[in-house]
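In the two complexes that follow, chain A is the common piece, with chain B as its partner first and chain C second.
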Partner chain A sequence: MKFRNLATAALCAIGVAFGPSLAAAQDAGGTFVYIVQPEPPSLASYLSTSGPIGLVAPKIYDGLFDYDNDLNIVPALAEGYEVSDDGKTVTFTLRQGVTWHDGAPFTSADVQFTVMDVLKQVHPRGPNSFREVTSIDTPDDHTAVFNLANPAPYMLRALSGYESPIVPKHLLEGQDLRSADLVNNPVGTGAYKFVEWKKGQYIRLDKNENYWKPGLPHLDRIVGRFIPDASTRTAAMENGEVLYGAYGAIPNIDAVRLREMDGFSVTTDGYSMINPMALIEFNTTIAPFDNPAMRKAISLVVDRDFLIENIWFGYGKPATAALSSNFDATGLYAAGMPNYPASGDVEAAIAVLDDAGIMPDADGVRGSFTLDLIPYGEDWRRAGEYLKQALMPLGLEVELRYEDVPTWIKRIYGDYDFQMNINYFYQLSDPVLGVHRHYGTDQIRPGTAFVNSSRYSNPEIDALLAAGAVEPDADKRSEIYAEIQSILAEDLPVANVFEMEFLTVYNDKLKDHATSALGAYGPFDRVWIEQ
Partner chain B sequence: MTFWKLFARNRGAVIGLLILFLMTFLAITAGLFFPADPFSLAGVPMSPPGENGFLLGSDSLGRDVAAGIAHGAKTSLLIGLLATLVAVFVGIVMGALAGYYGGIIDNLLMRFTEMFQTIPSFIFAILLVAIMKPSIESIVIAIAVVSWPAVARLVRGEFLSLRNREFVQACHTLGMSDIRIMLGEILPNCLSPVIVIGSLMVATAILIESGLAFLGLGDPNIMSWGFQIGAGRTLLRSAWWVCTFPGIAILVTVLAINLVGEGINDALNPRLRERT
Partner chain C sequence: MRYVVKRLLQAIPIVLAIIILNFLLLQLAEGDAVDVLAGEAGSATPEYMAELRAKFGLDQPLPVQLAVYLKNVVFLDLGYSFRHEMPVSELIFDRLLATVLLMVATITLAVGFGVFLGLVAAMGLNTWRDTAISIFALITYATPLFWVGLMLIVVFSLNLGWFPTSGMENFAMFYEGWDRVKDIAHHLVLPTITLALFYLALYTRLMRASMLEQAGQDYVTTARAKGVTENRIMFVHVLRNALLPVVTMAGVQVGALIGGSVIVESVFAWPGLGMLAFEALFSRDLNLLLGIFFLSALLVVAVNLVVDIVYSSLDPRIEVD
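Coming up: the complex of A and B.
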């Protein structure tokens, strides 16, 4: 390893360009082909957080920070930062000598423009991440001073190239952000330059020779291939056509098989900033889920272990609260909440319904309703079929509804024409970014996807959420969130089901691909291929 | 010779009929042999055939594959029959009007029919089901909508050739109404090809339904063979039985219906009758 890196550094230093054929003993060069699935709608990561965009755009755009696997801040475009004592001023020192792929210099004006005019305006989560930012001063080209209305500690966790990509002011200013040339023709400061997008086939990025990290990237080229069929993706992985597939590109059932084969590995690393949670959203405004007892009974009866074991092949952890146990590291997670049994408790569920006076009729039926299924693949259908069966012993009759993505999103987040919906959310690196959107009254935003579709509105929770967002003291903050979680464990506008573990399957030839907490949404700048 | 004797000359047709009877029997008695909901989580997931009390194994959630096939037979046969009946009815009406009246009516109806014929039928069915939201009604409608043009074309052709025959002209001179001529005189004379095409259409309908369910466009609340295959296809390499048995069921049923269709064709075709 050491030798290889030295050799690379030496070769790069004297400017020798070598192709794969010459690189027999080296780790530099080569083309890295990975799965991008489905094909991204655009490459504008500043407009959309759509998953496949994240698989490509962060290789082109840098953020102010990156994060290591323990969620420590790693400097990227910002070399350092300083938070004032009152928490209301954050000063970033920007890296010098960085250029955009078109040769223009990167300056503090780009940061100011990106945050104030782009991310705060059009990014789905940006208005939340930067909600407290009132203005950004640029005393010189390499200093950006964020002025905040209130302290916003979570903001420092939202500065990766995936979450908050820094975009070139000189190519976007004065243009319509949604139709600018940059949308499909990205120009960033990242390790790879955008070269070609063959619709329906692949996106090709080439090495950025002027990348600001010395000696990086090792690879000559990376190619994201779109392969719509799951078994074809597995076959491509098996025969070495592609080296890497993340976010369930390889179905779990195939992943557990590949795990046993020589030359392939499976990891759950690289998702800690994403923090996905499978959950059930209830429409709390109409029957039967306007009654908290019904919601509680469903959270009680679900056999979370069964779902994880039989549908997700053992990858996942039963949810135990409104927050994922991954928030334990920041002290925000509260253990031991009621109504979250790991393997289901039918008697307790029946008792809850009986106590609430929801009694079975002559046919033993206590209620019937429709369950909408997230149309993101077979696993979710199986989960719905399981739920339908699991609710029968309670005397609850479920009809399943499975629609296409736009119809489903409109039904749940536009028309609120649903009773119960199975879904998954990213809780992200801080509850303010990923969890508040479920519960806040201000998050009842008709037409905006993946926010408070339950239309749950509780002044007490609203006050606590507002307090949690601005509380700089860690202990006080965890107290606030403990209270939030204990209220929500009784109210359950959303019943969390399990903490999902996404799988990355990779060929063992591939090295150093998991150096960022963002995993597949990371920059891939240190990746190399063993020749 | 009686119809049955003519039909029985075709050995394959008799075997097909037998299989079809068996399948119908299975469909009718599904609730008897497998009283539980075919979706119920009956036991250990992914049990191979013969183990844990599962005759044909269980799927990833522990549902009984055999129960699914029995209950699925009901769905598949029902959808096949219903969709065919609707398609044949619409096809006969359209074809009869076009063939009998000719001229502008014929022109209009046939251009309308062509509109349907130019769209690939399976893709069209997918589109229709996706628009209407998957349910048993929408699937029957979709299959019927993509199937009727063939019947309409056939019936129109028959009507065209029959409407100038002497017996039809005789009816005209007797002052019979158009409806009566169409229904009472011409239609019975062109029924045999319609019966043949209809029987084959049942098989196609079963295949379309299975294809839709396989693609995830089946009614999620109703067990069908296509659903079983779709649910089992990701398991093909670790639990082959989940989609193999429903696949065999589809194969055998469709084959049987085709054989029967062939037999009916032989029996109703006067030219073949004279040959031997």
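Coming up: the complex of A and C.
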């Protein structure tokens, strides 16, 4: 039995203990206006993990945990937890005296309902995060016992207010989860209460006077503004009309300019649980990428440094394996994998093609195919143009295709009518949550977006992925993932290009906005504005 | 009155045809609302997507979907936007005010100022004033809207600090009462100027040409022979006749403006119908898109009717019956 009372640790770690002395220096009140872009489709974070929802909903809904910038667990609605020796029972001690924004008390029944009836049923990633949870017992109002079929170490990293928001049972039970009033009128336990959503303009949240963290939040109100045009967003930031823009709301080209100006700062903190990875998906079932040599040649020839430096203004790190180097913190990342040269290796790529017998014809052409581009902005188009050029020396002719979002999703994940696709995925806080979906045979799910579009199927990998998901021992788990990464570095159904670094641009008046590993998807409970 | 009723009755089959045509056209787009929702969500199970399709009615055959939609429209029910989880009519109504505000301000400024400039140019034909006005009109007409908008922001918001960069209200303050009206008016200035500059050029050129054409007509010679003063000829006889094409043009453009200017709304984050339609298209929110098209069709019909009535008061020779 290992029992960890997180409350004590957290009191020291996050500054509630020395809070009172600091509080004198923190200005209370004020309205914090920040950019939410694009406008979210709803505020139901338990139904959709759409990015803009994450910018708003975690301020309203708490999770069982939050995570600090070093990815340590910070207690939120759960004060402490206990994992049984066999790893199959996780007991959460819930905070007492917490109320929903409508005044009803928060109890273990809410946790049970949220996980079993909501997240496991309708959340896009919930069925995966909680797949081992068979039932939840609630011996009393502030204890929730998760019974697992197998150990699920990754589950403890999926309990933030963004990834697994705890929702009120009394407002959802017996209703259609997708059309309940809660979808657009969220009621949570978080630092801010939902007040108003003016479509096309803003979402307004006011201070929760009964928030369970004493003395917080400092602000009276936060307002998420929707500004469609990127240049206008930058102008609004410069003019002080908005104080904060994350997830590339301010394009890199403007961010590097604002960085040099007085009163503004740029940070790449607050994305470590998101772990975005730019990558190329290959259709491994049709020519030419059914041949692993072709996939290897592409991974070899891409000058990752060039892309980062010239298209993303230096923000990013070359990918070196199937896993992001951010997983080094949890011991899962394997360094030194082959076929991931940082600045491209044309000779090696040509050698790979020659060895595989893929020879140029009379015109020097070894193959021609179409590259699909993720329709999420100009940067990706430029990356496509770069790739087209970079593949020329290999005798590979590339045609670029740029479509709108629904058409593109249908093509890649519905019809599999593509050869090569440039994209980015969130690897999230554990490979089970964010990486397995690329490679598992069970993740070939026609019509489901952002899963195994390569239709890569390798029984060896399947077995290793299954083992990695349930292995409670950290060292053994590292070994399993090292093997996975070395197989994938040769097979390359997906060639990772670079670990993206999203930018948050903020006005220096804004303080304490980066206290959670979730950054802009965090609760914003300690943010304050210097008057 | 009988005329109005007759025109309205005529409009019904036209509007119905527009709805059906729009409905069929929109089916040509690849992917549906469920694809987009699933895409944004990160991952979704096929069961979840099938469930969504069933809920949205997207699993029904096309003719059934169309019939259901038509039936609802007849009862003035524009349907439900599954993306926004809100009735379409509510969504549209929310944005209508902002659109109408921008539209009325723009048309007033563009027509008013355009007629004035056209008049000045025509009266000083081939003088420096005429040349200057013509060049001005040409430049504003040829300059891309988004560029004008951004330049106005750079000059008047960032450098001079006179106007806010974007939005319809100050969201840090949430003014109420008269302060709110003033705040909205303050926010309205730059988008109106941007959009009006473009249309202004059109009215200026049209007015100038129309004035010159009328000035050469026989009735002007007759008036002059009768000894009517030049000012009276200009302002009472010529101006009134010259306005007819301008009114026609304004009528056509009010219809186009209801769809809003996506560019201006996007640059200034103005919460109008244009952006709503634009986003609805990219999220395949067909109910919402059809609703906006339906409203635009109604508005075009209504505005055309109003224009015809204005005609008859400007020029009593045109009779409505």
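The rule we apply is simple: the second predicted complex is superposed on the first by the 505 of 531 C-alpha atoms of A that agree within 3 Å, B and C clash if a C-alpha of one lies under 4 Å from a C-alpha of the other, contacts with A are read in each partner's own complex, and residues count from 1 in each chain.
By definition in this document, a contact is a pair of C-beta atoms (placed from the backbone, for glycine too) under 8 Å apart; a residue touches a chain by one contact, two chains touch by 3 or more.
Please read all numbers here as calculations on a predicted model, not as lab measurements.
When both complexes are overlaid on chain A, chain B and chain C end up sitting side by side without clashing. Looking at the shared chain after the overlay, A:N239 reaches chain C, while chain B stays out of its contact range.
Residue contacts after overlaying the shared chain place A:D462 against neither chain B nor chain C. Applying the stated contact rule after C-alpha superposition, one finds that A:D404 touches each of chain B and chain C. When the two complexes are overlaid on their common chain A, residue A:D229 makes contact with chain C while staying clear of chain B. In the superposed model, C is the one of chain B and chain C that contacts more residues of chain A. By the touch criterion defined above, A:E501 reaches neither chain B nor chain C.
Looking at the shared chain after the overlay, A:S42 reaches chain C, while chain B stays out of its contact range. In the superposition on chain A, A:L373 makes contact with chain B only, while chain C stays out of contact range.
Using the contact criterion defined above for the overlaid structures, shared-chain residue A:D512 touches neither chain B nor chain C, since it reaches no partner. Here chain B and chain C sit at a least CA-CA distance of 5 Å once the structures share a frame through chain A. Comparing the two complexes, residues 231, 403-404, 407 of chain A contact chain B in one case and chain C in the other. Chain B makes touch with chain A in their complex at residues 37, 39-41, 45, 60-62, 130, 133-134, 216, 220-221, 230-231, 233-238. Only residues 31, 33, 38-39, 41-42, 44, 47-51, 122, 124-125, 127-128, 178-179, 183-184, 198-202, 204, 223, 225-229, 231-232, 235-236, 238-239, 241, 403-407, 409-411, 413-414, 426, 437, 445-451 of chain A touch chain C when the two sit together in their complex.
Of all residues in chain A, those touching chain B in their complex are 230-231, 251, 253-254, 257, 310-311, 373, 378, 381-382, 384-386, 388-389, 392, 399-404, 407.
Residues 29-32, 35-46, 48-49, 52, 55, 83-86, 91, 94-95, 98, 146, 150, 153-154, 157-158, 161, 164-169, 171-174, 265-269, 271-272, 275-276, 279, 282-284 of chain C are the ones touching chain A in the complex.
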